[in-house]
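Lettered A, B, C and D in written order, each chain numbered from 1.
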Amino acid sequence: MRTELLSAALLCLLGCPLVRAAPPLPTEHLTVEKLGPAKAHWVYVVDEAFFNETDARVDLFDGDSYRRLGQIDAGFNPGVNLSPDGSTTVVATTYFARGGHGARTDVVEFTDNSTLSLTGEIVLPPKRANTLPTYFNLAYSADSHFLYVAYVTPASSFGVLDPAKKTVLDEIDTAGCVLVIPSGPNRVSSLCESGRMLTVTLDADGHEASRALSEPFFDADTDPVFVQGVASKDGYLFLSFLGQVHEVDFSAPQPVFRAPWSIVTSAEKGHWRPGGQTVAALHRGLGRLYVPMHRGGEGSHKSGGTEIWVFDLKTHERLARWPLSAHKLAAVIAIQVSQDDAPIVFAATEKSDVAVFDALTGQLKHIEKQLGQTSWFFLNP
Amino acid sequence: MRTELLSAALLCLLGCPLVRAAPPLPTEHLTVEKLGPAKAHWVYVVDEAFFNETDARVDLFDGDSYRRLGQIDAGFNPGVNLSPDGSTTVVATTYFARGGHGARTDVVEFTDNSTLSLTGEIVLPPKRANTLPTYFNLAYSADSHFLYVAYVTPASSFGVLDPAKKTVLDEIDTAGCVLVIPSGPNRVSSLCESGRMLTVTLDADGHEASRALSEPFFDADTDPVFVQGVASKDGYLFLSFLGQVHEVDFSAPQPVFRAPWSIVTSAEKGHWRPGGQTVAALHRGLGRLYVPMHRGGEGSHKSGGTEIWVFDLKTHERLARWPLSAHKLAAVIAIQVSQDDAPIVFAATEKSDVAVFDALTGQLKHIEKQLGQTSWFFLNP
Amino acid sequence: MRSIDRVFEQSSRSLAQRTSRRSVLAALGRVLTGAALLPLLPIDRSSRAAASEAAASALDNPQSCEYWKYCAIDGFLCSCCGGSSHSCPPGTAPSPITWIGTCHNPADARDYIVSYNDCCGKTSCGNCECNRNEHEKPMYRLSRNNDVNWCMANADSNYHCSVSVILGVAEP
Amino acid sequence: MRSIDRVFEQSSRSLAQRTSRRSVLAALGRVLTGAALLPLLPIDRSSRAAASEAAASALDNPQSCEYWKYCAIDGFLCSCCGGSSHSCPPGTAPSPITWIGTCHNPADARDYIVSYNDCCGKTSCGNCECNRNEHEKPMYRLSRNNDVNWCMANADSNYHCSVSVILGVAEP
């Protein structure tokens, strides 16, 4: 800086009379930014801030300009999601009356995504699941009439909320099954230890109308599925620790489980594994699945990927392997892909750097250093 | 780790029958640690956690074992101090009803230093000075009967609290002067822009009995003093930006200003400067003053020291210069010294590493990496 | 190790299927109480401590993530926060509920059942982050899961750090 | 530059000696209102922006701590947080009270009076920390001090980031 100042001073000695002839810079007026219409390459980065865990936040980041557009406070161990139309960010979180201690208040806060201002809140019973972010800690019904929030005390249940009236409608017991996987206007499914899915159907007032337990679709002993499911065209898909893909069609009253397929060959199985905090991303239009993969054994299911593998959802063919060490990137523990026609992949490393790739070619476009402290989850419309 | 596991397994193949003959490890019982009696080399490290500023904390660190002994939550922009007998840590801080936003509660919290448990709090009017830590944001009277807390709204005043009854006794206007410099059982001095000191004397109930304004003892235009004063045998000393030492005797009803002296030669003046967040430490028994010093000009008063200079308080002689670059230490922005006969110096760098030196020889004893996020202030009894 | 794992997996599975919080707490209480009733064997712990200090490998160092007892811990090691591998730092409260693991101690070639309790009520310690997941399971198998905040049922439910407490030996 | 500095130092000194919060706010309000009344000069700002982008030095880059307007800023640059050098990020609120500085713009060799407002009501932005202190003074000269949280008087008084707003030119 000193050198630059010196240059400027020298410049001034030569050219100042000329420069001074120009009118001075105008007075500025302090304003508050508003966001324009949402863009396909924006992404909401959920930063757990694990080392200062009461100070989690969501950073809105632009994958084209590589700029941070704003921030939403997220409290402690939050669940975060977007409304189906993308206009609202909901944060289910816990606050303490004295920062890191004191009386607990569980709450869902609503943020207008065009202004990043809070528009309201719903105070919850102090039962909210305190866990890592997934799409299923807090989720809207497809028509936005209900909002569901997962409870674990450690008994498991969920809350049904009215996001318009900002009220709690009911609490529904899930018999040991966890999380809120929404489908249609009034169905909530939960994952059970038995490898089954519990589906509760609600009536118009948000109370339980009926429930059904599926047949087991995975084995929690031999090959459990990650709870970080990914939205597909007609439901969600779940990866297993060993790389099985369980596609679940939620378009009917009860979930339909397609025959699972494997992202690893029999030679790779058990040696190459998916892992991390967010274990896959799917471009629904192109049917491309992006999975951070690592070499590892039992117990490595939270290790980040040293490569990103790309699959065709229809043919199950592996289309590409993107090695990350060439870019000097640390292991990737969270991933997302934009849903437009010129898609980009966001990949967060264990150092909380975020890499942006061309989703079609795998070309590295940008590395945003230190986007948050521990960014483990991405949301986009 | 894999290699070690393998070694262990191999070891087991050879020696397991023998090893197995030993009884198994006993069942453990989960307990909560208590602290023994305080030791002279313990230090309370105030971590502003500036990047997650609602999550400030105080780390208790042992300068002999180099272990962290425990933690005290400190909220947002805290003022922190110890009771005169060292038994209590007081934290004046601000909490928001919703973590980073919402209704503001200003409060003083009391922690028992033998258990690190909270023992009580006093809720304040929402006027507490939100600023960087000094000894004068929050301070006990010498007999512990009163606790004073600085207010800035931006009008300045201070609160008089009863730490035994946990009540607010009064608020006293300070006519633009700031901070609470305690002396005796009932006097509070504040620093004024005019270079004067305002001293308010309280009655037995904590109300103002009288006030007096001193003559100017520094010039805020030409050579302002840092507000980070340091306790001396009979009062406090204040360094100026250019390296003047203003010793103030607080043992009489009104402060007495000794003739200032300089820690820099006329050749060094303006080129070598003190700076940082906590700009000096004093061993009161030995009369040794430790000052982080840097080369810099106007505006560099918050730059950390690249050397620590050691002075004799009586002779004003410079006893030593400790260069820090040899130890690969970043610039030192906070310093403290233990008050015992085998004293050690704690020096926090701008990277929040804490170096421990032999205070007599300058020998580096230890570097504790990343002791907090932004540790800017040390307290010890 | 497999056999004892299976016992615990099955017991935890039945636990998680229960729906009332009280019954889950009571069941976990039974497990913990049972373990606490295991006799304290007459062992000179000081000599053991000295020996393990001499070895000083990461596997033996409770301030290292590689310490054998931490095989499924996820969080900040209390031993770096003013506690130890099985004690909470001053001023925090242990979680009464917990997740359970089985870890292999290479020093005596035994498998031990450990409970990973959280210490609660102060803001995150932030030191010695450690994330190991041997036989860890997703949240639908709650008593084998280390992603949830096990301080959830504490009066002060903020998470500070984690310990690993030996409940007993798991003979093969 | 010295002369205008002196004017502001004196005005701030008299401010700080006042004791009622309302009067301090009113006085600061007068300063700000006065500045806002300075005429907007007819300048093609887009061409200026393009030119400065071309230069692209740190002195010209509002996302750099070296940017000329930031000569006494202390905190996170709002331009790295969704705002700009003189706008707050979405969903935050500007502080109505402020500290004042005089910075030299090498591009036109003029000194400008700037106000360093904080943007408030969200938790710390944490990006582009910048701590510069030209003519910054300790807390007893409050209106020249950047250590206090200038969100202190906001309804939501949490500190998020800082801006530097040109109030006017300081002719020598």
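We adopt the following convention: a residue touches a chain if its C-beta (ideal position, glycine included) is under 8 Å from a C-beta of that chain, and two chains touch if they have at least 3 such contacts.
What you see is a predicted model; the values in this text were computed from it and never measured.
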Chain D reached from chain C - shortest hop count over touching chains: 2
Touching chain B and also chain D, the following chains: A
Geometric centre distance via CA averages, chain C-chain B, whole Å: 36
Distance between chain centroids, defined by C-alpha means - chain A, chain C (Å): 29
For chain A paired with chain B, centre-to-centre distance based on mean C-alpha positions, whole Å: 40
Contacts with two or more other chains, residues of chain C listed in rising order: 122-124, 126
Chain A, residues touching no fewer than two other chains: 51-52, 54-55, 57, 73, 76, 99-102, 118, 373
Chain contact graph, described as a line, ring, star, complete graph or other shape: other
Touching pairs - complete list by chain label: A-B, A-C, A-D, B-C, B-D
Contacting residues of chain B [partner chain A, same complex]: 49, 51-52, 54-55, 57, 73, 75-76, 93, 95, 97-102, 105, 107, 109, 118, 121, 373
Sites on chain C touched by chain A in the complex: 9, 12-13, 16-21, 23-25, 71-72, 74, 97, 121-124, 126, 129, 131-142, 147-149, 151-153, 156-159
Chain C contact footprint on chain A (complex, rising order): 50-54, 76-77, 94, 96, 99-102, 104, 126, 129-132, 152-157, 173-179, 191-194, 220-221, 224-227, 298-302
Touching residues (chain side chain B, partner chain C) in the complex: 1, 4-5, 8-9, 11-12, 16, 19-20, 22-35, 55, 57, 60, 67-73, 111, 115-118, 373
Chain B contact footprint on chain C (complex, rising order): 35-36, 38, 40-43, 45, 48, 57-59, 66, 80-84, 86-94, 105-110, 112, 115, 117, 119, 122-127, 160, 163, 165-169
